[in-house]
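Each of the next two complexes has subunit A plus one more chain, namely subunit B in the first and subunit C in the second.
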Partner chain A sequence: MSKLLHDIKLIGDDIPWLKDMRSAGRDAFAVSGLPQPKAEAWKYTKPIRFFAEDFLPAPHGESCSSPNKNLPFNACKIYFENGVFCSCDEDIPQGVEVLPLIEAIMFKPEIRGKIGASADITKHQFAALNQAYLGEGVYIKVAAGTKVAKPLVIINHITTDRELRQYSLRNLVIMEDSSKAEIMEYYCYDGELKSSYFVNMVNEIYIGENASLHHYKLQSEAYKAAHIALNSVFVAGYGEYKSFCLQKGADLSRNETKVILSAEYAKTEVDAAYIMNGWATIDTTTDIEHLKPFTQSSQLVKGVIGGQAKGVFQGKIHIAPQAVKTEGYQLHKAMLLSDEAEIDVKPELEIFADDVKCSHGAASGELNADQLFYMRSRGIGEEEARQILIDAYLNDVIAKIDNQEIKQFMSMAANPLKERE
Partner chain B sequence: MEESKNNIEITDSSGDKYKYGFTTEIEADTVPVGLNADVIRLISKKKGEPEWLLDWRLKAFEFWQGMKEPTWAKLQYDKIDYQSLSYYSAPKQKVKPQSLQDVDKELLETYEKLGIPLKEQEVLAGVVAVDAVFDSVSVATTYRAKLAEQGVIFCSISEAVKEHPDLVKQYLGSVVPYTDNFFACLNSAVFTDGSFVYIPKGVKCPMELSTYFRINAKNTGQFERTLIVADDDSYVSYLEGCTAPQRDENQLHAAIVEIVVLNNAEVKYSTVQNWYPGDKDGKGGVYNFVTKRAACRGENSKVSWTQVETGSAVTWKYPSCVLQGNNSSGEFYSVAITNNHQQADTGTKMIHIGKNTTSKITSKGISAGMSNQTYRGLVKISPNADNARNYTQCDSLLIGDKCGSHTVPYIENRNKKAQLEHEATTSKISDEQLFYCRQRGIDEEEAVSLIVNGFCKDVMQHLPMEFAIEAAKLINISLEGSIG
Partner chain C sequence: MEPLLEIEDLYAGVEGKEIIKGFNLVINPGEIHAIMGPNGAGKSTLSNVLCGKPGYKVTSGRVKFKGKDLLKMSAEERAREGLFMFMQYPVDIPGVSVTSFLKHAVNAVREHRGESELDTMEFIKMVREEGRKLGLTPEMIKRDVNVGFSGGEKKKLETLQMSILKPDLAILDEADSGLDVDAIKVVADGVNALHTQDKGLLIITHYQKLLNYIVPHFVHIYAGGKIVTTGGRELALELEEKGYAAFVKDNQ
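And then the complex of A and B:
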């Protein structure tokens, strides 16, 4: 049996289509295995090194302790502990449906065509592995016309007393026509800094006509953890998907976002920031597909890399034939703080239509010595001055967050000095 | 939408025949079809090569047999049957020509049609020396004497093997080893001829060196190998221009260019590539798989690649710079134009190893008709390359809604003191610019060529004068019929 594939008892194996999906995922992963060193989609991120050891899947339906993560702002919290759905705040806004994924699978037959439909298991090895254990996660549906006032926050909390576990979670988000919501994912842990576990996320997001989803993510896993996430987003006409992801934890981390702009005037903004020290590899991968005319996309990714860490950005803009009058914009900037840090960037444009405006830019360099000197000459200590500059550097992208409270929260998270206050 | 359709529409009216599409009837001395160790021994024997070179070829061949043809490029072409090609073809001539009078008349006429000033040496009066390559063997080399006065060696590589074996042995394969890639390995095994240039210490080459290549005999692939060595404090500007006669069958061209640049030396390498691109339905055309690489070994060394790519059905080409010496610099200027069914996957690699190394990349791609074009580049900064600097700009212009333009840059930075910038844009010819020209009585085709030439200007200005004029004409010819 392949590594990472284990026989465990899963809830819902009596549902034939779910069972079929799980075995399809299993078979696909058994064939593909982990991404090989020569795989182009994983050119700079080498997961094999991390998976020298095997990880056991978390059993379904384990109990969890009471939720203990508080957020500094008002939100509707959906709480997972060690990969298991724990609880959900009772005051769910009107028009929003929140269910543990397994319950949605059992009682909402209409989701059958949605789940697994966008995350291609022949292309995404980890999505195949995720599908093999399909069952945990959350189902969120926002009814047509609903404007949700407060953000929904999915907290994935790992208590690190269980070493070498893998947690496969899948969230299904359906935004019906003309609805509007904000969803934030928050990955955190308690306990041993250096504990090793593997979080394998798949988010499948469907955005209806004229609907809008703002999707935020803060990845703050333990130092020796792996966090691999695939966000597969489908946007209908006039729909909007706007996301921001801050990655600052884990030893191996990848946030991959695939957005399909399927109809005219669909638009997306996929922004990200990362900050990393130590030995970690931190990967931001995007793939934006413009299938129809008048679609728009914009990406801004900024990273700060120190220690012996490696930052990876692979961004792709694809414009299909006939998708004219489209606009695609992409910018990646990275700052190297140490001699052994590394940045690898592959911004890619694939354009099959002529009447388009597409551009990408990439830059990397170090902290500006003049700016540092300016602050030192005014009596600011080196450490603090560096932090202020880094903070300002990342602020470009964090400032784009619309929700003030989440912006504040992300800004804190990106700055260890502020966190101490 | 309507507007763009009116302005840029693909018509199939491109009836223009390839300007240089003629074939010279010369008896060719061709080795039997197919590739095996015996064929390589035969090539080597015919060329009277020393033992070490044959051994090297055989080693390359053995290695090649274990290699797979690369498939990562965004190119689609019929599989090449390497066993159905003939690997050696030289014009039949019993005695080596001593002067131009001895050269085959038909051959000279061919060059005349191409406008190569071979017949009368005074024509370009000391400006250009032409080492004309007809198929695989150098036919005549001009200006050799004048160059020899300065100690410059400019001859065919097979002559160099005989006359300067030490230099060739020292540098051949040192920049592009035979293990490098599939096509380079094939070339190493079967290369027939090419140019060799050596510029001695402190010499500024008094004229621009130029080689014209022509593919001629049917079904022979061309496997050219060029080696340029610029010793300390020297300078040379080298021109390479290509045209090929019209053929229906696809012809394979797998060349290697190796450049070694030592302390304070500078090499400027300019190419105009105009192989037969196939007809308007995508039939025929040359397959062009070229490995070009320069090693800036010395301190303060400099290399600059300038290319204008308008021909070939399939282009696979990445002129690269390995910046080993401290303060060395590499430049890459490229204009690539694809029309009808042409495909080009081209770009550059800048590998920064030494300290204070700089590189600049300017790439302009123009796709029209049903063509597809990819810029693929690598900028790599190794941990020791303190203060390395790179600036990359790739712009693409699309003409018509059936073509594609892709950009795949790889940027790998392992030094915090390095500063890298990359910019890329893709767009179509702006309606406003077109309108402006039309309004002043310039017809559409001319307006487009005006705009395209403006778009390419950054690159064209790096070409030597004679080349720049030819290249500007070529751009217009290449785009003919793409605008309706």
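And then the complex of A and C:
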């Protein structure tokens, strides 16, 4: 038995297709194993700690204690504790269906072709591992034409009294034609900040014609946690996927977003920010596929890296031969706060069509000493001045969040000074 | 009455080069001093040393501010104690609004004095009112610090900061550089309005133009790293007539 792959009793093993999927995930992971140090996709973010450490899967059906994490804004909360679906607010908006994934697997045979369809287990080792334990997560369906007024927030709360656990979660989101919603994922913990655990996420998201999903994520895991997430998104014609992810926790973290713009006028905006200190590696990986004409994508990723931490951005834009009149933009900017901090950036543009507008850019810099001194000369302490400047640096990417309350929430999360206010 | 600022036999420099060589000055409450010097005299070094800019090293001498050892304080501590540097080249800070910047500064000073934080709404009202006096519109105050400000507007913003922070001693470093006469008047009126019997002003300038609007009690001619001549207001006028060469040639 290889590391991370353990025999445990899983709910739903009596459902043949689920059992088959789990076996397929198991087999794929057993064959591929962990990404090797030379693997191109993991060139900068080396998941070496998994070679040394093992994490035990959380048994299915564990109970949860306190399904209560308050948010400073009105939302429909879906609450997970230690990787287990706990509860969901009762006032689910009209036209929205929310079910624990395992129930959806049992009672919604139509999702069978959706789960695992977009997260390729032959290419994504951690998705294969995730599929080996398939069952926990949430299923969200927004019915055709439904415009959901308040955001749905999936809270993944870890109580750090359980060491060296792995939590495999998979969310399936189906936005039917002309629907509109906002979903936020919030990863947080209570207790020992140096606790070590592993969250392995897969989101499979289907956006129908003319539908729109705004997807936000705040990754604020404990300092020694590992957090690996794959967002696999399929966008139909005139559909929109707009996302913002702030990563500020964990010791090893990757947020990977793959968007397939499958039909004309599908568009996506994948924005992200990260802020890290200490020794951590924090990775934002994107892969945007423009398959058809008139599709659009834009990405703005900004990071602040201090201590001996490492920030990684890998951004791929692929434009298929027939995808003329498309637009794809990508910009990564990072601020390094120390001499030992490191940034690795790998833009990849694969353009097979003529008549497209496509660009990428990358820049990195340091805190501006003159600005810092100017603030100090007005009485603002050095630490506070640094934080204000960091906040100002991240301001333009956070400003891309349309929802004002979530924008404020993210802005606070990015700035520990504001959190205290 | 304790002096606001006492500089005694100060030697200081930057990047290993000694620029200030035996500088002495005492400023008492209520006094306005002007230091005039030719290019390269070390005027900027003097202001940078006094406000604690990183990189500037004091090799010997003493500086007391309100009786306390100024040289032991960090830049922010000096500001909180009531020293204000009116900058020659104020810096742009994109992403930080004027109000937010000022609020952080005021609250840092208030916290140092053991006072409670200001109410945000009242604070904004006060900033707008002070800004209005200087011809800074509410729209400009909403903008990011110095971003898109003209030279004159930047100096008005410095004046606004001074009026909000109410320092005991303000050092005006080439406050009139790049300003037309109208803007000089606005800035000077603003500075004069803040000058009371318990406060001090130190004007560092190359030209005597600004001294027509902020009238000093003492004028010092500064060359070769120290004060070579001290006089009253008339010294500046004499300097304008004769040029620096007449005053500094014997001392360099």
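One rule holds in what follows: the second predicted complex is superposed on the first by the 419 of 421 C-alpha atoms of A that agree within 3 Å, B and C clash if a C-alpha of one lies under 4 Å from a C-alpha of the other, contacts with A are read in each partner's own complex, and residues count from 1 in each chain.
Throughout what follows, a residue touches a chain if its C-beta (ideal position, glycine included) is under 8 Å from a C-beta of that chain, and two chains touch if they have at least 3 such contacts.
Predicted model only: the values in this text are computed from it and were never measured.
Greater residue coverage of subunit A by touch, when subunit B is weighed against subunit C, goes to B. In the superposed model, A:Asp13 lies in contact with neither subunit B nor subunit C. Of the two partner chains, neither subunit B nor subunit C is touched by A:Glu97.
In the overlay built on the shared chain, the residue A:Asp54 is in contact with neither subunit B nor subunit C. Within the superposed three-chain model, A:Met375 lies in touch with subunit C and out of touch with subunit B [touch as defined at top]. Once the two complexes are laid over each other on the shared chain, residue contacts for A:Ala362 go to subunit B alone; subunit C is not touched. Judged by the touch definition given at the top, the superposed model places A:Ile388 against subunit C, while subunit B stays out of reach. When the two complexes are overlaid on their common chain A, residue A:Asp396 makes contact with subunit C while staying clear of subunit B. When the two complexes are superposed on chain A, none of the residues of subunit A touches both subunit B and subunit C. Contact residues on subunit A toward subunit B in their complex (touch as defined above): 40, 43-44, 293, 321-322, 324-325, 334, 336-366.
In the complex of the two chains, the subunit C residues touching subunit A come out as 51-54, 74-76, 78-80, 85, 87, 90-96, 100-101, 104-105, 108-109, 112, 144, 161, 165. Contact residues of subunit A toward subunit C in the complex are 368-371, 373-382, 384-385, 388-389, 391-393, 395-396.
Against subunit A, the residues of subunit B that register as touching in their complex are 1, 4, 8, 72, 383, 396, 398-428.
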